[in-house]
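Two complexes follow with chain A in common, the first pairing it with chain B and the second with chain C.
Then we have the complex of A and B:
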């Protein structure tokens, strides 16, 4: 599979009164055409910021201070605001967490899809875009799309609202959909439906999906490859099967043993001891060190992200080989 | 929209108890003053007793209060707002003379509030935490805290006494044809440009005085509601969709307009009621100065009439604001 997106050494810092928060600090990864690439991590680990930084959607006090985001070979971070706007919602579309607040309460669902079409296809009449919006609503499996297009967000259920948001994101047949916690605010039954829909649309349009979540169940169900983040850093990247059967980084292992695995009989759930570090005073060296039971002296230096087997990258001194 | 029609009808029905409440309150307050209005109306200390008696009879002052109130309501229902004992004219005719002046003043002030307050608020919001924002916020604070009478005198001093660009008092000249009683509008309708200029010069200072506090309030409300909308998720999402220009800003403007219109509606009511001081200082022949005179001479019918009229305007404006809500915000259904 060829490469669609390559992020190199991305750094996003937030300049707050309390100090500089290095929310994303040297993150690198690639997303291949047609796959579902998941980013997992706890709240505040920088996964959403990474997702937004890809199309420069970072607002002050946040700033992208370094790195490259190569999308089909073009560095998106070098584009002007005008140029990047033509990519947002067209080549790279987003799905946000809470559909109830992502939709403008004062406009109909049909209009909100249609405006996404007209803004990226100058010359398209709103009337025609509205007709297309109805087709899109049908695509995202909303019953009675003609009527629903005329509904305002408050007249739709949570699941339907998220379908409308998905409809907005697929309206220009994007090459990459970045879904930031798309199921988190939904009921469990609706979650499954929305994930199925995403899979279906991926097959239909050949879209690549970047999925940001903290839900390992969702990751296991839909992803091809997974990246685990911790405190603004990449700790492990692997294909989904490898990650779940042979996790290497102590943090990944901790994450996996902190949730029940339905395939195995387990006696107890082991939470990871300690807390996510204060992002202003980050621990020196490996950021997971204070919580890691394998930590040694060498962990005071920052571990590099190395490929231990083809396609399996991990950032931990245990796998650097010989360097004791 | 059928829903909206029923809503308006229902809202109009609620006018009746509101009006009754206003009338009852004003009646109690004005009649609670321990005075002898009949003698005052008859000419004061030297009035002949038989004249005083005749007046008492004519205005039912010899009857108990609740009967007086009922008689007043009865007249009102038949379209008779009573007769002013001071001007010796029907109250409705007096109001027809004075009300347009106040309405025009309030209207011009309202327009000034919108034309100055909203842009200031927008600039403040979009240039948040820059020097422009700080200046606007200080101006807003000053505008809200400045006493009207002081501002009026300062404006007169600067623009009349020192610069002599605007007249200090009066309403100007009556245009060649009077259609609505609003001089500015009538001068335009009758193509009387000389009158238009003169009247504009006369209305600027009182309108600015009246509008000053409102400009500050509206600037702040606009700033805050725009900032709130800008920080909302749907605006983030609109950016992620790649919306630009008008397609982007219509989301901001529509959502931010709701609180702004609410406060504008309230402000307009305040303008009508708050015109009293401004009209007195600028000798503006409006309902404010008419009411002040009525109060000082215990002119019950005039007090009741002018309060009723201001109340009616106030609740009508409120109704208009509510109709605006219903049109803009689909979540509001009645």
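Then we have the complex of A and C:
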């Protein structure tokens, strides 16, 4: 599979009154064409910021201070606002977490899909765009799309709204869809439907999906490869099978054992001790060190991200080979 | 069956089905809210009088009939003079009717100036933030730090007593309030996910402001402006009352009250009827403003629709 997106050493800092928050600090990864690439991590680990930085959607006080985002070989971070606008929604589309607030309450669902079409196809009559919108609503499995296209967001259920949001994102047949926790605010049954829908659309349009989530069940269900983030850093990257069967980083292991497995009867869930570090006063060296039971003296230096086996990258001193 | 046949012919009614539904619902809300309807009736009467008032007066509201002045002066209300007469023998009913135009003119002019200024400055300050926001808001604060009426009196006195100076003075006092409201609203809408989503699909900044922020800001502004219409009329009456604003012989409600004060309380009708006119107009605008708040909220309309059983 060829490479669609390559992020190199991405750094996004937020300049707040309290100090500089290094929300994303030197993140590198690649996304291959046609795959589902997941980013997992706790709240505040920088996964959403990473996703937004890809099309420069970072608002002040945040700033992209370094790195490259190569999309089909083009560095998106070097594009002007006007140029990147042509990429957003056309080549790279987003799906946000909360469907009820990502739709404008004053416009019908059909209009909001049509708007996306007209933005990127100037000259398209709104009438034709609305017709296309109905087709898209049918694609995202909304029953009675003709009627639903005329509904306002508050007249739709949560799952339906998320389908509309997905419809907006696929309306220009993007090459990459970045889904930022698309199922978090939905019912479990609806979650499965939405995930199925995403999979279906991926097959239909050949879209690559970047899925951001903290739900490991979702990750196991749909992804091809997974990246685990912790406190603004990449901790581990592997294909989904390897990650679940052979997690290497202590954080990944902790994350996996913190999820109850319905097939195994266990006495208690093992949470990871401690808390996510205060992002202004980040621990020196490995950021997981204060919570890690394997931590030693060498962890005071920052561990490199190394490839321990083909396609399996981990950032931990335990796997650097050799000692100190 | 009939419906089936009908659906083949595309009538205007069908093409605009959604819009008609929307209007019908609005009407429905009005019907259900007697207060809003009352407000609408008062306001409609006021506006109609403002337009045609001076042409339908039974007597000349301005000209003094010197031949009959002495026997006609300060007459109590009667069938000949519904609201009585003033000290020059002029028919007060005619003067009150004609006075509606002055009030309508002033309040319309003030809104025509204050709303656009408030919108533009508020949107810019709210959306762009930073230094621009600071500059706009600090200037606004300076205006807001004075009580509105006092500032209006000061401006009006400086500009000279006339209707035009009253308009300008009140407008100068009125826009800062709208800037505040629009800015606050813009700030909250700017943060909303749908604006971010619009950015993420590649919509330009100007289009985001026009298509997504402005329409979401305008509803509270319309409500506020409607409620303010009454206050503007009140302030303009106050200006005229203290001798600024409309000058004699222009019939203006505030002015009429001021003139009638000399004869109060024996000749009570002189102040009472202009006061009543102000009272009902201000009340009408307030009731209408309250009703509009409900009507302009699509969620509220739907609630009624659902209660109706999806009619």
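Please note the rule applied: the second predicted complex is superposed on the first by the 318 of 324 C-alpha atoms of A that agree within 3 Å, B and C clash if a C-alpha of one lies under 4 Å from a C-alpha of the other, contacts with A are read in each partner's own complex, and residues count from 1 in each chain.
Assume contacts are C-beta pairs under 8 Å (C-beta built on N, C-alpha and C of every residue); 3 or more make two chains touch, one makes a residue touch a chain.
What you see is a predicted model; the values in this text were computed from it and never measured.
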Clash-or-fit label for the pair chain B, chain C on chain A: clash
Partner chain in contact with A:29 - chain B first, chain C second, else both or neither: neither
First (chain B), second (chain C), both or neither touched by A:288: neither
First (chain B), second (chain C), both or neither touched by A:230: neither
Which superposed partner A:13 touches (first chain B, second chain C, both, neither): neither
Partner chain(s) touched by A:150 [first = chain B, second = chain C, both, neither]: second
When the two complexes are fitted on chain A, the stretch of chain B hitting chain C, from 58-66, 148-156 or 184-192: 148-156
Shared contact residues on chain A - chain B and chain C: 55, 57, 85-90, 93-94, 96, 98, 101-106, 115-116, 119-120, 152, 154-155, 165, 168
Residue numbers on chain A that touch chain C, as the complex places them: 55, 57, 60, 85-90, 93-94, 96-98, 101-106, 115-116, 119-120, 150, 152, 154-155, 165, 168-169
For the chain A and chain B complex, residues of the former touching the latter: 55, 57, 85-90, 93-94, 96, 98, 101-107, 115-116, 118-120, 152, 154-155, 165, 168
Chain A-touching residues of chain C, taken from the complex the two chains share: 18, 130, 192-194, 196-204, 207, 211-212, 215-216, 298-299, 302
Residue ranges of chain B touching chain A (in the complex, touch as defined): 232-234, 236-244, 247, 251, 254-255, 328-331
